[in-house]
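As structure tokens, here come the structures.
Heads up, the next two complexes both have chain A, just with different partners, chain B and then chain C.
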Partner chain A sequence: MPHPRVTGVFRALRSYGLLAALIAMGLGLAVTAPGFASVGNGADMLRDLAILGIMAVGETLVIIGGGIDLSVGSILMLAGILSDNLVRGLHFGPFVAVPLVLAACTLVGLINGLLVARARIPAFIVTLAGLYAIRGVALSLYRHDVTSVADALISDPTFLLLGQGDVLRVPISVLIFLLVLGAGHGLLRRARFGLHLYAVGGNELAARLSGIDVARVRLATFTMSGFCAGLSGVVLASRLQTGAPEAGLGAEFDVIGAVVIGGASLLGGRGTLVGTLVGAAFIIVLGKGQSLLGVPANYQSFARGAVILLAVVLDGLAQRRRLISRVITRGPRTGSASPAAASLGQARIRP
Partner chain B sequence: MGQSSQSFGRRDLLRGLTIGGAALALTVRNDSPTTSAEAAPRSDFAKTQGLNVGAVLETLSHPLIKVWGDYLAIEGKGFGMHVSVQDGERNVQKQTSQMEAFITQKVNFIVLQATDAAGLSPAVRKAEEAGIPVITLNQNVAQVHTGFVGMGHRAMGVQVADGIAAQLGGKGNIVLLQGVEATGANIERVAGFRDELKKYPGLKIVADQSAAFDRKKGHDVFETILKGQPKVDAVFGVNDEMAIGAAQASVEAGRRAGIKFWGADGELDMLKGIKAGTVDGVSAIDVLLIPRTVMFLGAWLMTARVPGNSLAGQIEIPPYAVTKANVDKVAMPPA
Partner chain C sequence: MTGSPLLDRPGPPPATAPALEVVGLTKAFPGVQALEDVSLSVGAGEVHALVGENGAGKSTLIKILAGVYEADAGSVRLGGRPVTIRSVHEAHRLGIAVIYQEPALVSALTVAENILLGREPLARLRGLVDRQALLAEAQRILDRLQSPLDPRAPVAELGISWRQVVEIAKALSLDARLIVMDEPTAALTLQETQRLFHIVRELKAQGRAVLFISHTLEEVFEIADRVTVLRDGRLVTTREVSDLTRADLVRFMIGRAVDESGNRARPVVGLEVLRVSGLRRQGVLDDVTFTLHAGEVLGIAGLVGSGRTELARALFGADPVDSGEIWLGGRRFDPRSPRDALRAGIGLVPEDRKREGLVELFSTAANISLANLGAISRFGGWIDRPRERALAMRLIARLSLQPPSPDWPVRTLSGGNQQKAVLARWLARDVKALLVDEPTRGVDVGAKDEIYKLMDELARAGMAILMISSYLPEILQMSDRILVMQEGRIVLELPRSEATEERLMEAATGGLR
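After this line comes the complex of A and B, so read on.
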């Protein structure tokens, strides 16, 4: 298996293509959309990016491992409503409430992971069920004690720092995102876990035969995804000063969209957090730009869909060309009957 | 909203203003939107020419809210203002992002119909801090802000409780269909309803579920409730759409007779339904008063000699109960 850093060059090239597109879009909007290129708008977009990005880090790990997590939006909502209940309703301090909420969401992720990795139910089914079930639990916990608009707000000043505070003019939520991103990147690039994860996602059988505990790796990704979605939900609750019941609706699509635009393969074994960062930024900049340009909602949704499709198609083309050139120049590495199958397995294992 | 004694003066001022606004709105009232647009311009608002207004609405898939959006633009045009109407899609993050976009664009004022009374508060605070006044339209927020124009929601809840009690003789089983629970309208209507029900010990809420202010959801939720509840005497749909949906479900289940359906808002389909006997009562206002008063207040704010965001008050338009007995006296709104 080649070292990640060597093969990372190819990945970086593709990421730069995406980055170039992002910069081009940013420049275009700076000229056409009034107010796009302002400090205030920059901070707004960074705050949005943090909330989407934290969730997308967990989702990237799951997708690299060959899974998918559709329940992130519901976990985000659960985290918001739990925070609201604890901080506003029961007056818990944030240093007690936040760890409790994160523990609950991590547990939900763990349950997802157990069902996928140990009970061997397909991730799509488990997390689709989770999407509904967790949402139901969250809604049943939604406050019923508010009888006037004025007392609907979370007002604990320390808790509000998470989503609204700044350190040296940098939003704290962005710092949290960078921390999560850095940790995830380190895990993928510097730790044994990363190698195992790419192997599991690329070729499960090969990974198992080489002694990797596949179930354990998978379990870890879903657990981390639950944690990330929970953290994102806490930050959002702090930003909105409430656990909004509709906050997570459809969030899974933006998250998966960001990961896919960032170059990860839904088949597993491929993807980077740098790519996901750029993919998430793409979605945020696109949405904000359209909002500033006053594009009607229907077209906004259409454009988002078109961008996701385009990214995947372009990526598929690039991927195929690379595969073909490798087969031609080097030939199949193993004595497998089908060169394509062998190189496919090889390509997917490469991080 | 934690107001000082000083703001009582403002509240009185606003009350006067509403009446004035309503009167003005009525004088230019036309039945079709296009002719109303031509009823402008108003020379007493010369300073409002060319101003930009941002409007963030709850959703545009609700017939009444869609019409409110149209009338905001029409009334704005009358003052020479350009109104950009955004569809909030009942999503707090979407609405926040739209608010932020309007703040970035430095519009002259923002009209907001908040889908979450708490969740939009930070965005409202941000706008006010940036010197952009926010007028909330029918859905209030927790954050103190320039102005609210909407229905007297609490009074509506009270009125529906009294109306149901009168029709049932103070005794019976009630189903409560709540809307989007985080909205100001839902919080206040339900609170008023529950408070007033305490006066009638014979009335019991036997089912209480959310149908998100949506006709189809009202239908589906009530269809299910009917299967589990052998005896339902009245339904309060916290808005008209849900009441209409629930009434349809009762017809399909063959249980329309013996159930009183009440809503709140006063939209066209509801009033027509009362006339036709498909529903039984509504706590209503003249729905067009809302966009008209909002834009009048906004225009006044832009021309009045008051410092910055010094106006902070509530305009609650008092509702009236409509039943088959008096529905013929009520003018039909466009939606």
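After this line comes the complex of A and C, so read on.
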């Protein structure tokens, strides 16, 4: 009696489908949008991708664990303003300033995590409150005391490498993103933590009954999300040479959009960083292409919304198809199709 | 095998000590004595069945062993050594594995990952899982079960019986000395059950102790060495299975003399209100056919999972059916939603009143209003508050609901009064047929009697009542006619005068198969 074999066709189709759509969109824009196919624009988009992507790595972990982090945009802004204050205002070297900023943002993530995992306040509420509160803290730290034009921007050359430098024509920020992505991917695929994270998000009861410290796993995801958002903010500050109060406004929605387009479930237990990478690239390419085409902002916003909805609907359809095909093909192949199994499948197909 | 005082002292356990020994276990919940002075023992290599009606205390006993509840009094010994089980984790450490009726697995992970979840073998680099070792270990355990399951298969793709196998493998990987199985066959087909029994015999041969909870008496006779019967939280008896007949066991389970005095059979039965013919839903309902008359209480007996609740939900339009016909008052009735059912005059008092029956945060008045907004609204949708209060006050007085105020949040009411609030909702409407699912679960004795009286009153006033209950004395006391369901089918129909608890229990546990 072999167990039912898994084809994974639909799952593959889904991720490749998204990738195919991304490539098709890229090719289309290369033909139609002036300047889209240039080297400069490519590097530009990669830098945008790095900043969105670093945040999205942390967000993916949170969402797989069944949580959500709405505060990433505000943490990004906090990191920018702190960097600005330390590097430009207080002339700290980047090797002191960057660790300090990252530590502060990690601490903010830790506080989010403690409130969610230990105090058991819903993640949506905690991080919505965080979205406002952290922005408030960041604004009150923002220094307006610019004495000269030269003083208005961060000028430390080492710090500026983070967002503007290249290694072998590859932007350093992209390398940082790849590093974070790789670490996150390893964490999810190879580490015990990743296994526990999928378990916590997928079936909290089962995780608990298996002796997993559910609260600690959740706490860790929010802490890592804080770190990622902070890192992203440092890179952005380096790129813009300033920590701007308007930076990161609404960024949380692009981040969550990228994760969701990438196939993660907001109910938890499902999602990959490869998917998130493609999802983030989708958002960047879509936005950039439309800007170059001169599409008005209202249409751009609409398109982004439509893409998110479409991705989730297609995902649902793919899931449904998979379940149906499973129920139909199960019987003859396994010789053990039970009415219970069949009805289970059907029960889940029904929305 | 009650414990001698000597065993309480620390020291090497005697070689003959049973794998599990429970002495004088007692547990009370607010208003319910769930377990009272229950003792039992399971030897190594023994399969010990635990049986009893719903609410006999089996689940409480299991949950104490699993570390979910703590006992009020009594002791648990494993291999002669006294233990305290404070958490699920501790139960695992002590070598107790519990396999629940609904497998608690993570769909997103593979079989191997689920088996060793929380105890994954680690690679040399700290924190990383040694995939090779994980697969090998899982394969080793599956081999021991002689299961062909692929450890790399995602659990999401497995049916329920394969999931049971994963749960059992998980229990084995804990190296559990005691394996508790809570109705593991409830969702399995006969063939799958046989495969499970094969595994249970393997476990037995390996010298593990198995505590096996089942509702199906055939299974007890097939697999168990000894059987312990619980009733109303107390130990009835522990016997060698070979010394018992089926009839003995049923008698032990029911035990009490049936109280005939309370029977409220009604003399007059009116016109046909509901006719159900050939109702089917795959895996749930199988060719269900019956009629229900005005002024009649039709009792539906059967075990949990026999399709009773699903039948009520189907009639109420809450679940779809594959085929079959429903006729209401002589007209074809095809409820697609509870809204349809309500309009047609069918009311439901659900089994789980907290989850499906009431909005707990709302007041009594608001809960009554929910199904009666038409009656208390004016000008197309504005709620007439004075009218709402008046309606609530009238019903509260009629049902002597406590506290007698429409403003209390339903959450603060006792179980009996909550149930009255659900009933009140249907009293306010012109309901022709009322479906009542476990009307007195979690309701204290006094309120129970009031609910019976109320249902009686409604029936005498011409309402047709379909009453689902796991409590046989209640079925016998309230019903004019009784149906017994088993595995989605109606296996027995009797007038009240011919029904006995023995016959009903026999039919419900598959004696008529």
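Assume the second predicted complex is superposed on the first by the 306 of 351 C-alpha atoms of A that agree within 3 Å, B and C clash if a C-alpha of one lies under 4 Å from a C-alpha of the other, contacts with A are read in each partner's own complex, and residues count from 1 in each chain.
The rule is short, and it goes like this: a residue touches a chain if its C-beta (ideal position, glycine included) is under 8 Å from a C-beta of that chain, and two chains touch if they have at least 3 such contacts.
For clarity, every value in this text was computed on a predicted model and none was experimentally measured.
Judged by the touch definition given at the top, the superposed model places A:G294 against chain B, while chain C stays out of reach.
Residue contacts after overlaying the shared chain place A:D48 against chain B, while chain C stays out of touching range. By the touch criterion defined above, A:I154 reaches chain B but does not reach chain C.
When the shared chain is aligned, chain B comes close enough to touch A:L240, but chain C does not. When the two complexes are overlaid on their common chain A, residue A:F193 makes contact with chain C while staying clear of chain B.
Legend: residue contacts after superposition of the two complexes on their common chain; A:G28 is shown touching neither chain B nor chain C. Residue contacts after overlaying the shared chain place A:P99 against neither chain B nor chain C.
Across the complex, chain A meets chain C through its residues 1-6, 186, 190-193, 195-196, 198-199, 201-203, 205-212, 269-270, 326, 330, 336-344, 346, 350.
Within the complex formed with chain A, the residues of chain B that make contact are 1-2, 60, 84, 86-87, 89-93, 96-98, 100-101, 103-106, 115-122, 140-143, 180-182, 184, 187-188, 190-191, 210.
Residues 88-89, 92, 104-109, 113-114, 117-120, 122, 127-129, 131, 148-150, 153-154, 157-162, 170, 187-189, 191-192, 281-284, 320 of chain C touch chain A in their complex. Listing the residues of chain A that touch chain B in their complex gives 34-36, 38, 40-41, 44, 48, 139, 142, 146-154, 164, 236, 239-242, 244-247, 249, 287-288, 291-292, 294, 296-297.
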